[in-house]
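Here is the structure we will look at, set down as structure tokens.
Labels A, B, C and D are assigned to the chains in the order they are written; within every chain, residues are numbered from 1.
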Amino acid sequence: MANSRFEYVRGFERHDALLPLCWIVVRVDGKGFHRFADAHAFEKPNDARALRVMNDAALAVLEAFPDAVLGFGESDEYSFVLKKDTTLYGRREAKIVSVITSLFTASYVMAWPRHFGDAPLLSAPVFDGRAVAYPSDAVLRDYLAWRQADTHINNQYNTVFWALVDKGGETPAKAQAMIKGSDTAWKNETLFERFGINYAHLPAMYRKGSVVLRRTEEVVVKVDAATGQEVRRKRATPVVCHDDIIGDEFYRLHPELGIEADGKRRR
Amino acid sequence: MANSRFEYVRGFERHDALLPLCWIVVRVDGKGFHRFADAHAFEKPNDARALRVMNDAALAVLEAFPDAVLGFGESDEYSFVLKKDTTLYGRREAKIVSVITSLFTASYVMAWPRHFGDAPLLSAPVFDGRAVAYPSDAVLRDYLAWRQADTHINNQYNTVFWALVDKGGETPAKAQAMIKGSDTAWKNETLFERFGINYAHLPAMYRKGSVVLRRTEEVVVKVDAATGQEVRRKRATPVVCHDDIIGDEFYRLHPELGIEADGKRRR
Amino acid sequence: MANSRFEYVRGFERHDALLPLCWIVVRVDGKGFHRFADAHAFEKPNDARALRVMNDAALAVLEAFPDAVLGFGESDEYSFVLKKDTTLYGRREAKIVSVITSLFTASYVMAWPRHFGDAPLLSAPVFDGRAVAYPSDAVLRDYLAWRQADTHINNQYNTVFWALVDKGGETPAKAQAMIKGSDTAWKNETLFERFGINYAHLPAMYRKGSVVLRRTEEVVVKVDAATGQEVRRKRATPVVCHDDIIGDEFYRLHPELGIEADGKRRR
Amino acid sequence: MANSRFEYVRGFERHDALLPLCWIVVRVDGKGFHRFADAHAFEKPNDARALRVMNDAALAVLEAFPDAVLGFGESDEYSFVLKKDTTLYGRREAKIVSVITSLFTASYVMAWPRHFGDAPLLSAPVFDGRAVAYPSDAVLRDYLAWRQADTHINNQYNTVFWALVDKGGETPAKAQAMIKGSDTAWKNETLFERFGINYAHLPAMYRKGSVVLRRTEEVVVKVDAATGQEVRRKRATPVVCHDDIIGDEFYRLHPELGIEADGKRRR
């Protein structure tokens, strides 16, 4: 083959398999989404449509990859957990990261009109991706807790900030100065007393972020023509919820994830 | 910050900078594009619309990344050359690969209606991505030659195959058997004598693939209101061409790429 | 500093930290030890002096690195287990591997005269080294079991082979053919019936390999001059033993290693 | 084989080949050599015996590895250049680094009595090792220049420092303060005027470090018994010199190294 003289260049590719028997977390993260959000007039502090586009893209990842057992998203980022014995693409990092990021991105663009109607996409939404290997259930749970705690912290901050600016008429700089160093109690009181907002009553999607996982349901797969009897099968379908994933209960309720539920048995 | 207890999980991220002063080639490659092509009824052996979608996505990469100096595409793959002293994202592999793959994917979806009109996108186009470091101009040129030679080989094969099947009425198996082991001369003769196709007259985009690079042109940036005089600036704009990138001439004509043009001075 | 113009070359060094919270196993392995063994007339199938040189070198590693909690050696190889939360040299692979291999090598040369007396070292003993990260106690135990099972398999083979050749007068080729495909029972019977060797009575160092770990003992650190009373301290001293490290008992007896003893709770 | 159940643990080993067609530099560096030097009463600022032990160890590396074309050493470190197309150990980093470091270490211990006579080795000399890939001759030359410039800077500093302390009766702190921020001219004048030392006349081994490379010489390989005629062969023998390796001349005189001699044609 005339081509073989050049083929040695393939030898420069690196192999980069992630350590076996570790959980793999792939996180995609919006690039330049401040500008993207402004350009598309996202509502502050949360835009439900934008979050639903993210969730749709996340569901597409679970649809495509059976080994992706769980996802968690907030704002413009989403983390996916691949089960620890996955052999997807030989556990090659660049392959796993690039394919999931690409599928997420394509799905984001395709989901856009479903939630934004006629408002056109004015620029390309771009995500970076990374993969991290976690050697134990305990560390994986700490990772998930880290992201969900982050959601809470950011959302509380942003909710107060935008209330002060949009409803309270404060300048952004003033609002920032007021919040700086304040604790949770002050934030909640300010929201309630000054703006009549009960933080705990805000949508769980804003406070807790979004979780994607499979729900096993009996579905009617066909109806017997002769007898009229329904044939039902169990089918695992990716769904979105907004559960707490920091405490033990979630993992007790979802043993199919294979993640240790006893938080005391960490490390 | 309540979050800090979990933040140690960031310490599991790996750093993966590509070797300094090497050319970086990022190649994106369609996943499952056989099915994707069938689902969207791509014309065989080449679908001009599909190739133009690819080219538009490639132009978007050059628009976004000044350090991407050159791209080469064929079929469902595209390679991008980042200049060897680029410090983009600290040369971190996962970041570079995921962002370019994501931008390429988003741009592909957004470019689709421009070339396919009302024919809707039925499934998500997905690409994998990889980055390879090449230590010298000579090896980089061999990489580019490898891809363009591959374009030629594949296109000639496919052109004969589909002529035999579509116009010649052969079964795919028969067509495959006829081509197997045949040389270039036989393929060209078969095309010409049996089907009246002069291979050399087929569109360069099919025979040579597509090259994206910047063309520096004087453009009118404004017109002086008082004098009516045009103000012109040199501006480098990404364009598509179908030049030969195996021989020396291309590199002599494009010294701005910084790639050694003297093919004898290899290694 | 005149030197700074060149200092950019440091930027080409890669960082290569092993994944946190994984056990690190460093294995050193003799290079060309067949020839080395012949040149120094090692006894077959085992040379007690050579094994003791290895053990001395392994003790030096445990002396120098408190985070090396366990070692296992057979023939011309030794594995060292670094505890999973070690931060030795920032867990940098090349550093850990090279320093341990270097210390092992220097200690080997220095220990030589202690066991070989006047027989001089005729060539440099050379070891390669590698580091592997193991994410769980279960996999670490499988690693250790792998090496000790290997010791048994090799030793039984070699014991029979050399008995057939040295005492039985068989040619090496004949001996090899006889053993090939034989099971453990045949090997033990042959040893016993033809050569009067009870395999189970051979020294444990040959059958089980060598284990290095710390033993905590009370030692007299000084004697009070006035009262004549001994002042005793607990001190952990590296020692060699030949225990079974496949079953659970070893880990139950050595909880200080921090390795799960319940073999059923694997993975 | 009983062992196969555990053998999966080999799958945790990483492959870490250095980029093809790059020069590989392996540098070994003494660990804790300040203490080692004190314990063995090395002369200050340079101990010729200790440097010769280093050089002997370096010669052993060139003897063992034909692909190691050049070495440069100073103080307690040595760098080895492997030719850029070497396929030694599949270019695997850990293997290359550990074996060279191990051989260097063993050779150091074995060379000790040749230069230190009856003065015993009191502790194990330990070296760390690292490998770095350099993509071009220009960067390789900058690496070598970096190390030799470092030799000069350190040696000049140390020569003045120890003259001030040993001969000038200054305290170390005072000496340090006097040298701090001084230029080369001041250092040379101080040495000459106060201590009668002409820096340029000091041994080249101290000022320039040591270079190991192969010298091709005709050697008598046998004498024909009948005719008495000598049979001569060209043989490349590793030797030590103290040449300048910063300028172009060295590379012009040693075209066999395959390193570009024209310093202007860098990068």
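We adopt the following convention: contacts are C-beta pairs under 8 Å (C-beta built on N, C-alpha and C of every residue); 3 or more make two chains touch, one makes a residue touch a chain.
If you're wondering where the values come from, they're calculated on a predicted model, not measured in any experiment.
With centres defined by CA atoms only, which chain is the most remote from subunit B?
C
Any chance you could check whether C-D or B-C wins on number of contacting C-beta pairs?
C-D is joined by more C-beta pairs in contact.
Tell me the rotation angle, 0 to 180 degrees, that brings the C-alpha atoms of subunit A onto subunit B, to the nearest 5.
That rotation is 180 degrees, given to the nearest 5.
Select the interface copy of B-D from among A-D, A-B or A-C: the correct pair shares over half of its contact pairs, counted by residue number.
A-C
Please report how many Å separate the Cα centroid of subunit C from that of subunit D, as a whole number.
For subunit C versus subunit D, the centre distance works out to 31 Å.
Measuring centre to centre with CA averages, how many angstrom lie between subunit A and subunit C?
A distance of 46 Å separates the two centres.
Approximately how many whole Å separate the CA-defined centres of subunit B and subunit C?
The separation of the two C-alpha centroids amounts to 53 Å.
Which residues of subunit D are in contact with two or more other chains?
Residues 12, 14, 19-20, 133, 139 of subunit D each touch two or more of the other chains.
So in the complex, which bits of subunit B are touching subunit A?
Against subunit A, subunit B makes touches at 1-3, 6-9, 12-14, 16, 28, 31, 60, 93-95, 97-99, 101-110, 121, 124-134, 139, 142-143, 145-146, 149-150, 153.
Where on subunit C does subunit A make contact in their complex?
My answer: residues 19-22, 133, 135-136, 139, 267.
Using the touch definition from the top, list the residues of subunit C that touch subunit B in their complex.
Touching subunit B: residues 11-12, 14-15, 17, 19-20 of subunit C.
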